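Two complexes, one shared chain (subunit A), two partners (subunit B, subunit C).
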Partner chain A sequence: MQILFFALRNFNRARTRTWITVGAMAFACAIMIFYASLLEGWLAGMEKNAVGMDLGEFQIHARGFRADPDLYKRIGGEENVLAQLGRQGFVAAPRLYASGLAAAGNASSGIELRGVDLAREPLVTALNAHVWRGQWLAQEDQAGVVVGRKLARILGLGVGDEVVVVAQAADGSTANELFRVRGILKSVAEGVDRSGFLMPSATFRRMMIVPHGVHQIVVKRQIPAEDLNRATTRLARLLPNHEVRNWRQLQPVLARLFEMSDISLVIMLLITYAAVGILTLNALLMSVFERIPEFGVMKALGFSPWGLFAMIVAESMFQVTVAAFLALAVGLPLSLYFSSHPIDFSGFVQSSSTIAGVALDAKWYCVVTMNSVVLPILFLYLVAGLAILYPALKAAMLKPLAAIHHR
Partner chain B sequence: MNRSSLPASIFLVLLIAGGGIFWLAGNAASAPSQPSQPSQDEQEARAILLEIDDLWRATSSQGRVRMEVKTANYTRTMLMDIWSKGKDKSLVRIVSPLKEKDTASLKTGNTMYTYLPKTDRTIRLTSSMMMSAWMGSHFTNDDLVKESRLAEDYDPRISFKGKRDGKEVIEFTLLPHPDAAVVWGRIVMSVTAHGHLPLLATYYDEDNVLARTIYFSEVKNMGGRLLPALLKVVPTDKPGEYTELIYEAMRFDLDLPDTLFSLLELRRR
Partner chain C sequence: MQLATMAWRTLMRNKRRSVITAFSVAFGVLLSVTFTASGDYAYTNMINTSAVMGLGHLSVEHPDYQDTPTLDKRLLEAEAVRQRALQIPGVTAAQVRIMGQAMFAGGAKSVGGVFIAIDPAQETPAHNIFLRTLIAGQCFSLGEEHGVVVGARMAEKLNLRLGKKLVFTMTDTNGELVSELGRVSGIFKTGDDSVDGGVVLLPLALVRRGLGYEPTAASLVAIFLNDHRQAESVKGTLARFLARSKEITVLTWQESQADLAGLIGVDRLFSYLLQFLVGLVIAAGIMNTLLMSVMERQREFGIMMALGMMPGQVVRLVLLESCWLGILGLILGVVITTPWFLYMATVGLDFSAQIGEDYSAGGVLVDPVMKFRLYRESALCIAGAVFSLTLVAGIFPAFKAGRTTPVENLKQG
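After this line comes the complex of A and B, so read on.
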């Protein structure tokens, strides 16, 4: 108790020195909370675009479809499969795929036709809310299609324009149909932007003569907290005759990028705190050296070396605690502000910039997570704890007589 | 061109030019001159090819062809009317089935257009569509367009002369130029020694693995010329699948107007 009392008393003595130390630590910690929230926001944005827009958390295909996409490699009995998934606590939406050619005016381009289940798709992805111009697909508008942003640019398409599609139907005949652009998507992912051509699944089935089966089932966990790998195993057991992949397996480059970003956050924290650590060390060393005669007196009065050591450590821990509170008071509101008011880079970033095929959002939001707040504070305690060791040990080993006469 | 595609020439030759294997002749005529003196073998190959060219080439042609396609997923029969003029102009119009009636493909030079009667639109095929199957067959759109590429990219030479299966044959081997960007590593074609009628063409990929075979048979007199009336394409990697072209009628050296091969004419029903 006595040690804590002394530590608290010392905290309030040389106020300027104390507050400079506390201020430096608080500033660094607040910046780190903000930076970590920004990075979390960037990752969440990427994940949202990759997983939430198009990829989905899991994808189920007929065996061999992924390696060699083919109109005929379909998942049969899709109603049963969907019901089975529903019973096991998954949300799922089927999709149909085919390749073809779209032409408008004198321009034409290869496209990936996609038949969308309008009722189920919004349950697994937010693609329906990601329309840049016009509107999302509608059941009552069977000739209305939604196209990728780059594709619209290549073909010179605007909302309401006509576009012809030619493809080879399942019976070998030449499927051709006239559509009207109902909507143009925002940037989603390289593939969708460049060749995405979305239509209601009923239109797809009629045009491509595919009455049954689906090419892909996109699945989402009902409980987001369920471990991704465990859920993958559960799905694979549920559908042993199909190919089940989670988004990390489908987009390994992206998964790796996310892992790397986590590591880079830790490295940035280390670098910043190395600087803060030196600052803290300097301030603490000064505060110890200034008080050597005082420590000599304390030792002469019977203060044990470990008591002195503990007092100095406790003193600096008080400082860290105050700094942490200050950092929270500044960093948290700052991050929370930018979580609702994004930093807009649209003037600098091309609208279609992508990383690992996933679209980059030009608006950068902060996302405040447990990690982005707790990690910087823990690091601050760790660095300050290490920085104080040397001055505290030095004070503990002082000889009382020499210390009293120290100038 | 991918492995499943067929160099245009054979197809065009028989489908469009009405049986003339002018691609071989074209090759002989337009092959770049070699820096070194061609060997006697090469000279002979080119001479025979020229002879074949003279024998088979027509200034223009018109005819009716039945195409039968069998794949693992469907079997279909189509009837087509065809016209050609010179090497660069050709028009194919579907007569049946009803669903695709009046769908037409026009080739002028290296460009290909398709007219789609259902939507009343004409579209120009881009490179991304070139590898797609033409009308659901084992031919690609590229096959119809890249007629002259073979002549530019390959060198012919006689690889066999003599009796095979009781017939006197001459076998040509076409090897690509070292710097040619082609998919076939080798094309071997057999013709009869007398009359120089094609019998068999085999296509090998870069690893020298057989990719497809074309069989020529049912030699008939059509339009005053002796031609194989049946052409069967068999892809090696898809057992049981094939495309057959059966020539029902052909006429040659007609006075076809250039306007026949125009975009306007393409839309005519």
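After this line comes the complex of A and C, so read on.
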């Protein structure tokens, strides 16, 4: 108790120095809280774009379709499968795929035709709300299609323009049809941007002569808290004759990127705090060395070495605590502000920039999580704790007589 | 001069404190070099990789080709442009290419993709990533009219092997669909699935004939430079050369690969911001030290002023101390940074186990080995920034030292 009292009193003795040290620690910690929130926000944005726009949390295919996509490798009895998934607490939407050639004016490009279930797709992805120009697909407009952004550029297409599609239908005949561009998507992912050509599933079935079956079922958990791997196992057991993959398996590069960013946050913390550590060390060293005679007197009066050690540690921990509160007071509101007012990088990032094939959002939000607040503060205590060891030990081991005469 | 000696002596009076402070400056140098050099290396690498993926560091093309890259937009005198470009110092290669969209069919299956029609006599693996990453066969030779080189993923999708037929369909200058037949002579694998599944190399002569192009026409001339930072100046020279030609434009990699330029811009901005923030923390440390030493020496300043030193000289004395600290810090920084830099510049850290070899950003594969490279201007910038930060940190303590009167100072002792 006495030690704490001493430590508290010492806090106020060299005010300028104490406050510069506390200020620098608080500043670094506040910056790191903000940085961590920004990183969490970036990751959440990437995950939302990758998983929520196109990939879905899980995908189900007929065996062999992923390795070698083929119009004929379909999941049969899809109504049954969808009903089964619904009973097990999953939301699902079927998709149909084929490749073809689209031509408009003097340009042509290979495309990936996609038949979309207009009622179910919005339940699993937010693609319908991600239209850049024009509108999303509509049941009453069977000849209206939505295309990827880069594809629109390659073909010189605008909303309302006509585009011809040639493809090989399931019966071997040449499917040839005229469509009208109803909408152009915002940047989603490299594949969709470059070759996505979306139409209502009824149109797809009629054009490609595929009356039954689907190529892909995109699935989402109804309870987002359920563990991804456990849900994958549950799905695989439910549909033993199909290929079930979660998004981490479908996009391993992205999954690795997410794992890496936790490490990169820790590295950033270590680097920034190393500077704080040196600063704290220097400040504490100064405060210990100018008080050597004082410590000598304290020891001569019966203060134990450990008591002195504890007092100096308590002193610095007190400073760190003040710094942590200051950092919270600045970093938290800052991060919360930017969680509703995104930082806009659209001047820098092209609307079609991608990382690991996933579209990069030009607007970055902060996401404040337990991790992004607690980790920087925890690290601050750790670094300051390490920095104090040397000066505190030095003081603890002083010889009283020599210390009193120290000048 | 005398002041400088005095300042140095003061610093040396408390060696431990000065060395720790100088060490924090040195740490700042180490950090700044780490951030900047890893960035300089990674950006150079990404820019060069992106260049060898098709468009070069500079591309000369039809003014409308960038917005809608259709095959009716072409350079009529592509070969002449190439010869011109090769005369400019700094240009290492110039390749005439036709690039466009096509539908590729093998057996019963077909996929859409991009083709790059190349002249096998001009192309080398150094300027063409697909020829550098061949895993089977080889590039078609000049005599081999129908040779094609496909990506591994496309070969898998279309069940293609060496010697197999590949039919490609494209839109000619009149808007008509034309098909040509090729045979697989090589298969490449860059590691990026969308590239390996969507890019095909075709012979320039075959595509020219198929599209009905003139014998010297092409979509673009891709120009490669010794150093990507010369792009703007070479563009200027080239634009002067081509001033009289109509329907021709020169684009730097920043213009033709705006995605990549944007990513690099944001990344660089973040790196600078972070360096600046860490710099502020370090500056606070230096200010703390100087302030301490100023407070301790109030009496000393009092005596100096009583002996005739002007307040301005006291201010200068403390500023010189921070100047010495900066120099000491820089020297220490060079000492601790050099071994780290040399290791990273030659060996580097291999992150391929963590991020894999197929990680791409802005559509360009990223090297999983982190290495260092420091541009001369970056190094000067770091030295300048560190030094000025140290000086700025000395301003407040210096003025504090110069403000008080001799009598008050003497009393404090």
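In this text, the second predicted complex is superposed on the first by the 407 of 407 C-alpha atoms of A that agree within 3 Å, B and C clash if a C-alpha of one lies under 4 Å from a C-alpha of the other, contacts with A are read in each partner's own complex, and residues count from 1 in each chain.
Note that contacts are C-beta pairs under 8 Å (C-beta built on N, C-alpha and C of every residue); 3 or more make two chains touch, one makes a residue touch a chain.
Since we're looking at a predicted model, the values are computed, not measured.
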Fit or clash - subunit C, subunit B, common subunit A: clash
First (subunit B), second (subunit C), both or neither touched by A:L178: first
First (subunit B), second (subunit C), both or neither touched by A:A323: neither
Which superposed partner A:A24 touches (first subunit B, second subunit C, both, neither): second
Touched partner set for A:Q168, first subunit B, second subunit C, both or neither: both
First, second, both or neither for A:L279, with subunit B first and subunit C second: second
First, second, both or neither for A:F345, with subunit B first and subunit C second: second
Touching partner for A:R256 - first (subunit B), second (subunit C), both, neither: second
First, second, both or neither for A:A103, with subunit B first and subunit C second: both
Partner, of subunit C and subunit B, that touches more residues belonging to subunit A: C
Clash-bearing segment of subunit C, relative to subunit B, as chosen among 80-88, 98-106 or 350-358: 98-106
Residues of subunit A that lie at the interface with subunit B and also at the interface with subunit C: 99, 101, 103, 106, 108-110, 166, 168
Touching residues on subunit B, where the partner in the complex is subunit A: 69, 71-74, 76, 97, 99-100, 103, 114, 116, 118-119, 121, 123-126, 128-129, 132-133, 135-136
Interfacial residue positions of subunit A with respect to subunit C in the complex: 16-17, 20-21, 23-24, 27-28, 31, 35, 67-70, 99-101, 103, 105-112, 153-156, 166, 168, 190-191, 194-195, 252-253, 256-257, 259-260, 263, 268, 271-272, 274-276, 278-279, 281-283, 285-286, 289-290, 345, 348-350, 352-357, 360
Residue ranges of subunit C touching subunit A (in the complex, touch as defined): 16-17, 20-21, 23-24, 27-28, 31, 67-72, 101-104, 108-113, 156-157, 169-171, 173-175, 177, 193-194, 198, 258-260, 262-263, 265-266, 269, 274, 277-278, 280-282, 284-285, 287-289, 291-292, 295-296, 354-356, 358-363
Footprint of subunit B on subunit A - complex, ascending: 72, 99, 101, 103, 106, 108-110, 164, 166, 168, 170-174, 176-178
